[in-house]
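What follows is a set of structures for review.
Same chain, two partners: subunit A is paired with subunit B first, then with subunit C.
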Partner chain A sequence: MSFLHIHNVHKRFGETHVLKGIDIAIEKGDFLVLVGPSGCGKSTLLNMIAGLDAISEGELLLNGERINDLHPSRRDIAMVFQSYALYPSMTVAGNIGFGLEMRKVPKAKRREAIQRAAELLQIENLLNRKPAQLSGGQRQRVAMGRALVREPQLFLFDEPLSNLDAKLRVDMRTEIKQLHQRLGTTIVYVTHDQIEAMTLATRIAVMRGGELQQLGTPQAVYDDPNNLFVAGFMGSPSMNLITARIERHDDALVARIESPAGDVTLPIVRDRAALETWCDRDVILGLRPEAITDPASANRQDGEIFEATLEVALVEPTGADLYVVTRLGGRNINARMRPGASLSPGQSTRFAFDVSRMVGFDPESEARIRDDAAAAMGTAAQTETLGQNA
Partner chain B sequence: MSAGSIVARRNTLARALLYAVLAVFAILYLMPLYVMLVTSFKPLEEIHQGNMLALPEEWTFAPWREAWGSACIGLECSGVHGYFFNSIRIVVPAVLISGLLGAFNGYVLTKWRFRGHKVVFGLILFSCFIPFQIVLLPMARVLGILHIANSTTGLVLVHIVYGIGFTTLFFRNFYESFPDELVRAAKLDGAGFFTIFFRILLPASIPIIVVTIIWQFTNVWNDFLFGVSFTSGDSAPITVALNNLVNSSTGVKAYNVNMAAAMVAAVPTLIVYILAGKYFLRGLMSGSVKG
Partner chain C sequence: MSTPPSSRGIGERLQHWLPRLVLSPSFVLVLFFVYGFILWSTWISFSNSGMLPDYTWAGTRQWSRLWSSWTWGIALHNIWVFGLLYIVSCTVLGLLLAILLDQRIRAEGTLRTIYLYPMALSFIVTGTAWQWFLNPGLGLERTMHSLGWESFSFNWLIDANMAIYTVVIAAVWQATGFIMAMFLAGLRGIDGEMIKAAQIDGAPTWKIYGRIIIPQLRPVFLSAIVVLAHLAIKSFDLIVAMTGGGPGNATAVPATFMYSYAFSRNEMGIASASAVFMLAVIAALIIPYLYSELREPRS
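Moving on, here comes the complex of A and B:
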């Protein structure tokens, strides 16, 4: 049985249906990241887990116990808020210890726990300060200390890094990850930043418009997206989405893509059976920029490389990589090449496509076209186990 | 002469004119206070010489002593000190209780919203616009039923009832911008309704507490209409006593004593302004949330 079950949870504010039946289950020690564009309902879901918003329909189970109607303070959950929400009139020590004080923990024990949390977060020297005297990063640490000190069953983070500047954000991200590894706690973390989601999560739940789009490990969500939205949302630069026609050439199934220099045909190797039913119809192909490279840096060991000559439209060096833009299927396509490649716009060069990483989507429903439909629903297996508990 | 210095000279002229006007108005406003003060320190004969603006030739505290301890109000000749303490007895509980109730109302109307909270707030707000005169008769009836007519307790009740509208308005608007996340965090920490109010909100409300105290203190202390309507004799507040003192002097009018008594009546509000104003700090909220 899973540690945290979110079972068919709905949220309605009057007429508006904010969450439309969310099913998520995670194990103890998991780091679940809820990610999606603003307004997708991820923060609402988090508030419902915390008990700050009522659940309109469905069930919430923590460690086997139904917590739907439990008061927030009884759920054994701690939360780090986006605005930190430090109590302005209390010192840092007072802020961290407030939850323990409310739970009537004796003073000596409280002081010990505060000290321990402060050491863990390296804020011992700030304990007597007021929140107003702290920098953004320090406030963030205090907010985390306030959650840590109670040693709850579950931690909730509501976009905790969004108020920090870019550099500090990356540092704190690493620290949160280290903290999770060291303490082995279970965390539910909300963000709209897909890089944060990828780096921190053990499980990612991609949400849109109150619906769960995909639940899975970061790698699964990245390599094996459920639909066009997930494919486009995760990854930066985002996945190339190319319109192509599926055709049969003798025995081989290929995708024919228009390009100014003449059509490119790429062999279909992944989800072959499913894509075969799309013969002589248009699909949308997805290929990550790192799956389109120069022939020299192509991964011939794990991938299946297919080469084509295309014209370079634009070159974007980032230092570590060289992004080369070309035209395919009427769109700009990003390819990641080695930084040394000397290319200039207008020049023709060889592009290596790793067709083993190519995925197909239904242009109408935007759903993924794949062979194993059961595995496709990353959530299907989860839903099943949930059903037993309901 | 360069154009720049012409502009500069014109500027200085404008400045001088501005300050002159300000000075004239300041003098105009301070004049009555000055006359009151110098008169209160003069013996009566000196006042009769007629030069109101002159400083006392012979400084005397006798009028102040008389006003405080022995001036006749009606038939009683023991000065205004009893009435002064009546006013203190009215103003302290009235300010504290109406302030606390207003703070509670503001807290509930912003952080524990219920269906129809806007209507309730609208009705409370409406009470701010009811003129004193309208409530005189109903209030007299209520005080009669409660058996607290003609007592300082009765006046405390009147001022609390009348003050709640304003104190609620102040606190509601202040708590409206108080971050909800703090309340949510406190809930998760296990704090209840009253703990959140007393430990989280109230300590962060110093600026609005000061505003409320200044407003309520001046209103209650300076009230004459309720005092004169609902009390008489021993239980009257100082504003009523001052009126009676001035009206009950027989024979020669003791202007110096009247002035001293008026000063006694005015000093507490002045002190509240000076003391409370000092604590009127800004930025107490900074640091709790972003920015």
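Moving on, here comes the complex of A and C:
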């Protein structure tokens, strides 16, 4: 039995069907990130776990107990809000201790707990201040202190970093991760930022339009996306999606891609059986920028490298990397090269494709074409096996 | 800057002077009729004026006559009772109504309008209506009697000890809706996530209001009290329409006192002194409020 089990949960606001049967299960100590574009239902799902929104259909189990109809205060959860939602008329200590006070924890014990939480978050010197006197990052810490102090079974975070500036956001992200590792708490975290999702999560649930697109470890979601949406949403710069034709050349199965300098043919090594059925049809191939490199920095140990000469359209140095844009299959394709490479637009150069990382998608249904069809959707059955493996 | 130099002179000078030109008539009128007459009243209060203005200096004679007047004492006592009850009742009832309306009930818009309607009436209409309603021979008491409740009695309107409270009832009825609207706006401005956080923290609804929401309405309380306080001190027409200051002098307030001394008792000096006194009290209330309101954005 998993620790938090969201079982076939629906949400309807009148006629609108906001959540269309979500199935997610996580284990104790997991860090689940719900990620997706705005309006995908991730915040609604979080509010339903918190008990702030009613569940239209389905079941919510926490530690084996059905919590569908429990009042938010009786679910043994704590939540950190996007706006921090600190009580402006109380001091920081009052804010952190309010939940304990409402639960009638004696004053001495309360003070001790507040002190502990404040030490953990390094805000002891702020305890007597009012929220209005704090900076954004400090408010964020107080909001987290308010959640931590009650030592709940489950923490909920609703886009907690979106109101911070870029630098602080990265720092707080690290700190949240450290807290999770140190305290071993179970967390459900909502964000629209896929980098946050990748860095924090032990499980990512990618959502769109009220439906779960994929549930898995960050690496699985990144390397093995279930459909075109997940492939395009996760990763920055995003996955290259190239229209290609599957063909059989003698014994080999290849993907032929149009390019201004003549067609490029890449051998198919991954999901070969499934892609074989697509022979002489168009598919969409997905290849991450880091799987297209210069020959020297190609990973020949783990990957299968195939080289082609292409014309450089644009060069974007970021310092750590050099992103080279070329035209393939009628689209701009991003390749990640080593920063030293001296390339200029119009020049032809060798590109190394790691075809072992290439994935194929059905252009109509946008679904992944893969050999192991059972692993296709983030079903409850799959989640449970994933949970056991972890 | 791009305009040619020939037209720039006239155009720019016009632009410079036009606002002043347009505003100057009203400025002059206000200066004369408001501030001029304030000074004039102040002067009169230190003069020997009776029925007609008399500009001979009389020192503080009118002021000492004012403060030794029995009616002025009643008027001051009444304004205290009236003002205090009026402000407290309107604030408490207005807040209560606003909280009840804030529970996402149906037909909220309609209800809000209904509560606001009394504010649209003039005090004269309110006063007359409530005078009929509370008049033992016409309104509530008579209706109760005709319905068969013979022993029912509600004669506060003609009871010298209770008449001031009937004025309070009418005034509260009129202003509560407006105060409710102020509080409702304040309640709507509170971050919904904060209430959700308090729910998760386990606070019952009354504690959420008591500990989290109402403390945040402090500026609304301040505005409501200032609005109500100056309405209370200025109250005149309601009392004239409802009780005419009576029975006897039982419901006299400073404004009715001033009116009767100026226009029926031919004591302009005392009337002016009372008017200046009222101005001073209102100024003492409003000026600190305006000061704090206008200063805030800068800090």
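Keep this in mind: the second predicted complex is superposed on the first by the 379 of 390 C-alpha atoms of A that agree within 3 Å, B and C clash if a C-alpha of one lies under 4 Å from a C-alpha of the other, contacts with A are read in each partner's own complex, and residues count from 1 in each chain.
Throughout what follows, contacts are C-beta pairs under 8 Å (C-beta built on N, C-alpha and C of every residue); 3 or more make two chains touch, one makes a residue touch a chain.
These figures come from a predicted structure and were not determined experimentally.
Once the two complexes are overlaid through subunit A, subunit B and subunit C clash, as defined at the top of the document.
With both structures placed on the common chain, the touch criterion links A:Ala308 to neither subunit B nor subunit C.
In the superposed model, A:Ser89 makes contact with both subunit B and subunit C. Of the two partner chains placed around the shared chain by superposition, subunit B and subunit C are both touched by A:Phe98. By the touch criterion stated above, A:Lys130 is placed in contact with subunit B alone, subunit C being left untouched.
Once chain A of one complex is fitted onto chain A of the other, the partner contacts of A:Val149 are absent, as it touches neither subunit B nor subunit C. When both complexes are overlaid on chain A, the residue A:Asn163 reaches subunit B alone and has no touch with subunit C. Look at A:Arg139: by the touch rule set out above, it reaches subunit B but stays clear of subunit C.
Annotation: subunit A residues 50-52, 72-73, 77-79, 81-83, 85-89, 98-99, 102-103, 146 touch subunit B in one complex and subunit C in the other.
Remark: subunit A residues 50-52, 72-73, 77-79, 81-89, 98-99, 102-103, 130-134, 136, 139, 146, 163 touch subunit B in the complex.
On the side of subunit B, the complex with subunit A involves touching residues 179, 181-182, 184-191, 195, 199-200, 203-204, 283-290. Those residues of subunit A whose C-beta lies close enough to touch subunit C in the complex are 47, 50-52, 71-74, 77-79, 81-83, 85-90, 98-99, 102-103, 146. The residues of subunit C lying in touch with subunit A in their complex are 191, 193-194, 196-203, 207, 211-212, 215-216.
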